[in-house]
Amino acid sequence: MAINDAALIERFRKVRARSESLCAPLQIEDYCIQAMPDVSPPKWHLAHVTWFFETFILVPYVKRYRRLREEYAHLFNSYYETAGTFFPRPQRGMLSRPTVDEVYRYRSHVDDALLELLAHPPDEHAADIRERVRLGIEHEIQHQELLLMDTRYNFSINPLQPVYRNIEVPITAAPAQAMGWQEFAGGVVEIGHGGNAFAYDNERPRHRTLLQAFRLGTRLVTNAEYLAFIDDGGYGRVDLWLSDAWRTVDEQHWQAPLYWFKEGRDWKHFDLTGAHALRPDEPVSHLSYYEADAYARWAGKRLPTEAEWEHAASTHATNGNFLDNGLYVPQPAQQTGLTQMFGDLWEWTQSAYLPYPGFKPLPGTLGEYNGKFMSNQMVLRGGCCATAQDHMRASYRNFFRAADRWMFSGLRLAEDMP
Amino acid sequence: MAINDAALIERFRKVRARSESLCAPLQIEDYCIQAMPDVSPPKWHLAHVTWFFETFILVPYVKRYRRLREEYAHLFNSYYETAGTFFPRPQRGMLSRPTVDEVYRYRSHVDDALLELLAHPPDEHAADIRERVRLGIEHEIQHQELLLMDTRYNFSINPLQPVYRNIEVPITAAPAQAMGWQEFAGGVVEIGHGGNAFAYDNERPRHRTLLQAFRLGTRLVTNAEYLAFIDDGGYGRVDLWLSDAWRTVDEQHWQAPLYWFKEGRDWKHFDLTGAHALRPDEPVSHLSYYEADAYARWAGKRLPTEAEWEHAASTHATNGNFLDNGLYVPQPAQQTGLTQMFGDLWEWTQSAYLPYPGFKPLPGTLGEYNGKFMSNQMVLRGGCCATAQDHMRASYRNFFRAADRWMFSGLRLAEDMP
Amino acid sequence: MAINDAALIERFRKVRARSESLCAPLQIEDYCIQAMPDVSPPKWHLAHVTWFFETFILVPYVKRYRRLREEYAHLFNSYYETAGTFFPRPQRGMLSRPTVDEVYRYRSHVDDALLELLAHPPDEHAADIRERVRLGIEHEIQHQELLLMDTRYNFSINPLQPVYRNIEVPITAAPAQAMGWQEFAGGVVEIGHGGNAFAYDNERPRHRTLLQAFRLGTRLVTNAEYLAFIDDGGYGRVDLWLSDAWRTVDEQHWQAPLYWFKEGRDWKHFDLTGAHALRPDEPVSHLSYYEADAYARWAGKRLPTEAEWEHAASTHATNGNFLDNGLYVPQPAQQTGLTQMFGDLWEWTQSAYLPYPGFKPLPGTLGEYNGKFMSNQMVLRGGCCATAQDHMRASYRNFFRAADRWMFSGLRLAEDMP
Amino acid sequence: MAINDAALIERFRKVRARSESLCAPLQIEDYCIQAMPDVSPPKWHLAHVTWFFETFILVPYVKRYRRLREEYAHLFNSYYETAGTFFPRPQRGMLSRPTVDEVYRYRSHVDDALLELLAHPPDEHAADIRERVRLGIEHEIQHQELLLMDTRYNFSINPLQPVYRNIEVPITAAPAQAMGWQEFAGGVVEIGHGGNAFAYDNERPRHRTLLQAFRLGTRLVTNAEYLAFIDDGGYGRVDLWLSDAWRTVDEQHWQAPLYWFKEGRDWKHFDLTGAHALRPDEPVSHLSYYEADAYARWAGKRLPTEAEWEHAASTHATNGNFLDNGLYVPQPAQQTGLTQMFGDLWEWTQSAYLPYPGFKPLPGTLGEYNGKFMSNQMVLRGGCCATAQDHMRASYRNFFRAADRWMFSGLRLAEDMP
């Protein structure tokens, strides 16, 4: 067994374990629900990431492997059309079986088989297997973030306001640093992922692009700043909104970010720690692209492009307020200079999610992982307080629809330099 | 304490206990799901019937009574507009909390308070309280039937085909009796409920009506008979269907009753005992009004009116295959002469659900129990294998929309006499 | 040629001419539009009634007959499934061709062929042909009413408030007679159509039914009376509405009858003569069943059943304010005693539209004329100011869905007698 | 009067006249219909472009100007939120009034006032007025293209297959030139509109961008080439489609480009000259972005970016098969080398419609012209056979949603150079 295999196995074990520990605060009932079509029940996440290892590694590479139940191939396929049929996404919350216990048994079944395979990988496939295990690990980390996002949403529609857990670590009470501006000269720069380290296909190839000179806000926009936009009538001023945005505001009756609500005259905020008074210095979160864009227009600024963002981020270490902190809440910016580039909140860019020049999807079914979503979505960058730190890179491209708000999204301002 | 109070208390205890024993085969996960807007999660049923006792008896008549949680007033109100707001019906399956345990605690909390009240009812309200307890009991029995209907539906969409329970009592294997015809002379008859015994407001007042001479099929139509309709192309012959029916057949791709499905060339049937080969002599069940009506037209007959049905039923004892049997499956007709009038399956009539001459709804909020649904629904009669026998009467009027199929519905043919 | 043929031919000519004269006030553009799926463009009505004569008489009985264009068989079929395909109803307003001129040419083409046939009907089919011509005439009269209903609706959504025509005959300014009550003893009565005169299949057979003693309001409810219901908060009082009704009020934001609108504090009314101040003594019109039912509940009364209505109407001549008056506006009741039973406005009954005992639809495709609509609709009686007088009978059953409001519908109160 | 004013007035007159001459083949009925929400009735186009001159020039700059009817301000506003309310777009086809005659009178009313203003423009506003007239002219030219697109769609759903007009000029019968590839070296290039000539705000500012080396197909893809994709099962191969695309193919049952249909085994094509056999050498048209993208993937190529396209086009004269030809049908490519860059068909790019670096919308209400649509749309380039030649520029950015197909859209292939 090669040294890197040991590290891989160790990482596999840790990530698998973290998925389960993230579920520790859940009641059985919490595992089962789906409060809107975009979210999935936690037990589905636990099973689907398991299906991924099973389908892309055990089934092709372990001759004697038997699925625990044949029906799981269908039930826990998310959207891989070329891997077979899949159960309709909006109905995932309508399935009481398999039970949570059965899902955990399914995890063990697959873990056992996978660890056995990793202990003795067949030489001719060892490289492929390692690569796919690595992909499966990153995939599971993505679903850990989804699991937190989805649980928050599921809890948010419940009048009982369930608490995911009572925070045990202190949340920064210090005020946010004042906003400053960091300047960038522009010119031809390189973005995208090069080299052999792990990255998704959509981050490649590394390529040159031309930037005009620009400035970036040194930190994320805060709740207090966003509240000024609301108090200025921002949600009612048509001139601030894109056309699709305005229709969405109207149809969905938006008056504030997703998890804000009013009690009397006071704004409250619902997060994984429950409902509490809005914290003014916390970065504003759970915004759609439409709201981020409207705020930027109101502020006389704009959102950064993904190339600008990546260029600025590329000289920073991927440090920040990540899942590893165990807070799951973005924190007021504490440092001066360009900060919060990683962690805290995903940052909306004004770039559509499109292929890089020379993009090649992974071969076969895994080519469906990223490439087929390259229409009608916008790119977000930098990770958030529900993302694992070792999952993040400057070149990482996340993507959501412009009206989506249930992910940990925030915004950083940008502007052109004269 | 009056003697009848003891009987009432005993009945209260038994009905409450039966709701819980009906849930014994459920996993925690099964309590939580709602596979279509018409069904409710089992835990919601358990809580709602409890809310009914709390809201209509404890709150008005027990000064010191405190709701276990104030939010339950909203969460477990079904549709009583004048009793306050209610959580949106289609989202009942999106609530993980209260947990099943908490719902059982809620039941105990209310049971304790109610039994205490019944032990010492205040004189000035004793009669009202008794009447409302009686209503609450009947209400809970109705929800026991719903709980079985809904569980069957919830299970039916799951590719794992969960089994509610493995049947422990024998299902009749004997063939159904041949269909005969029972003749009724017509003339002025009385229908509806008179006297002081318990009945819903919609069964009153007893009144005279005029019947033409008619015949009734002696038993329910069977699967084998219905299959002949299917094999004759019944679902594709537009001349057999009402206009609304034909559109529904097209939009919902109906090709058979709700729980029939094909494996290869064989028809299978999914019920609370799981999936099995279609039993030809079992009464055909889970039909919409549209299908019952189309079958009757195909057979050259018609459905009975509710007055015809009640007149025919009024001389029969309310015996039959009820919930009390513990089968939850309709049985082949075993007797000659008019049979299966009670139990087995609700029988579609060709009568719209409308007020009887002189109908008066209950006063106040309880007037919403039945009366406000008197539009766009059809009447069904006789109870089914998921109805408690002591809940049933010849005058009992059940009602569903013409396209509904998830209740235990079947059909009996009728025809005019020359 | 038999004498009655001459009368039939004369009636055919007159009815065909009236359809065209009813269109005289229309601009070409007005012929083409369809402002909601329930209405049809006037030119479609003109063509469809022509298609009816062509399809059910010329095609089967005139060997050498050629359709003017084969495509019309599809384009102008309304809903006769067994007569072939039909163009989707909601898209009738999306067809600019055939032009209005071409539709008139189509009418001439069919008129010529039909009149030639009627001049020399083949002996073996003469009776059938006469019967179908008679049916076609009544059918065209029905569409004349639809044409006026639909034009009013089409005009109503236009901010320019087009006027169908400036009234040339005086509208009664006299106040309505005070409401009285006419009593009926109840007992076994006969309703439905007997004998050989023309009637639709749904009016047959004549049969006995039992009525309880009842009273009928002597005239239609007026705008002033309905306004008192509105001013009493009627549209906001949930206890007054059926459950389906309340949802409709909410979803469609009903606050008044269909064509009422407010200018400042004043209620205005839009009808075929344009917009004007609401006339208090005019019968309230363009109500849904839900609104008629809610008003009756508010007034402590109920709607009549269709049997009550027909029994009361059967001793009255079919006189009233009909299409023949050329007003197209209901008039304040001028007579004492039971009045307005015919004409002015269709009266909602609390009877669902269902088959009479012994009902037999017409054979073949024409059986689709009425019978297949016998679900989810309510019966209205008596005709209206857009109905031709010679089209009306005491036994005539009109039917609409409970939420429909664009027909000339009104209400008369009823109540039980002690 | 300045010389350029005379030229402007002359252009104004000609463009206004062309709108009307484009309507010459229409029947009154054709002016009124709207066969889907995206299209508008021709008479609405004629009125809306008139409203544009009225609202943005006459109302602000001519003190004594009176609108012909006040309601037109509402009826003919398309989407300018800050200019007042507007009639709902999907209901434009439900308005019979104003009539076509009245719309022409409206045009005259505005033309008269505008020409009078242009004859004596107030000095202090002369420059603004000229600029807005210029914008209004370009706006009307855009609607001329829409009028043809919309008429084709309106006619296409009519089983009578109306013909817009019988072509009077010959359509090229010569086969298309073979496809070649033109290479471009990449590097930093400039795109976007600079200088003072007219251009829309969304084309500005001119800016530098970096291109990788690429090749462009020398001509548009033809029907014959696209047919090979269909015959290869292209519409059924999930691996060729984006995720959103695949759902659209499924939901809308796409099996070919919009106006293709099959008669027996033969493909037919419906265009403004009616239905005829598919011409193999004609460029394939009326494709969605999804179809263009899937075809390119199937062909092992990709779509060009808008920067690539503009860079390639910038050295070409804007010659091509435009509206001015009077054909309204794309033609087989007749030249070798890079051809068909302008005219024939709009070319889908793989660029999302987003602001250029430094983009500034027009001030005030006219800022709604382009900028607010910068989300969820893709860019098309080059104009088509329904675009006026003097409306086109290399920098011109057209934009539609990825599923739209009713515009004259086609595709040109691109690929990376190694």
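Per-chain numbering from 1; labels A, B, C and D assigned in written order.
Following the convention adopted for this analysis, a contact is a pair of C-beta atoms (placed from the backbone, for glycine too) under 8 Å apart; a residue touches a chain by one contact, two chains touch by 3 or more.
What you see is a predicted model; the values in this text were computed from it and never measured.
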(request) Identify the chains in contact with chain C as well as chain D, in label order. (result) none
(request) Taking each chain's centre as the mean of its C-alpha atoms, give the chain farthest from chain D. (result) B
(message) Using mean CA coordinates as chain centres, what's the gap between chain B and chain D in Å?
(response) 59
(request) Provide the C-alpha centroid distance between chain A and chain D, rounded to the nearest whole angstrom. (result) 38
(request) Compute the distance, rounded to whole Å, between the mean C-alpha positions of chain A and chain B. (result) 46
(request) Could you please specify the touching residues of chain B with respect to chain A in the complex? (result) 27-35, 69, 71, 74-75, 87, 91, 93-100, 154-155, 157-160, 162
(message) Under the definition above, what is the set of chain B residues touching chain C in their complex?
(response) 79, 81-82, 188, 207-210, 212, 238-239, 241-246, 289-290, 293, 302, 350-352, 354-355, 357-358, 367-368, 372-376, 402, 416
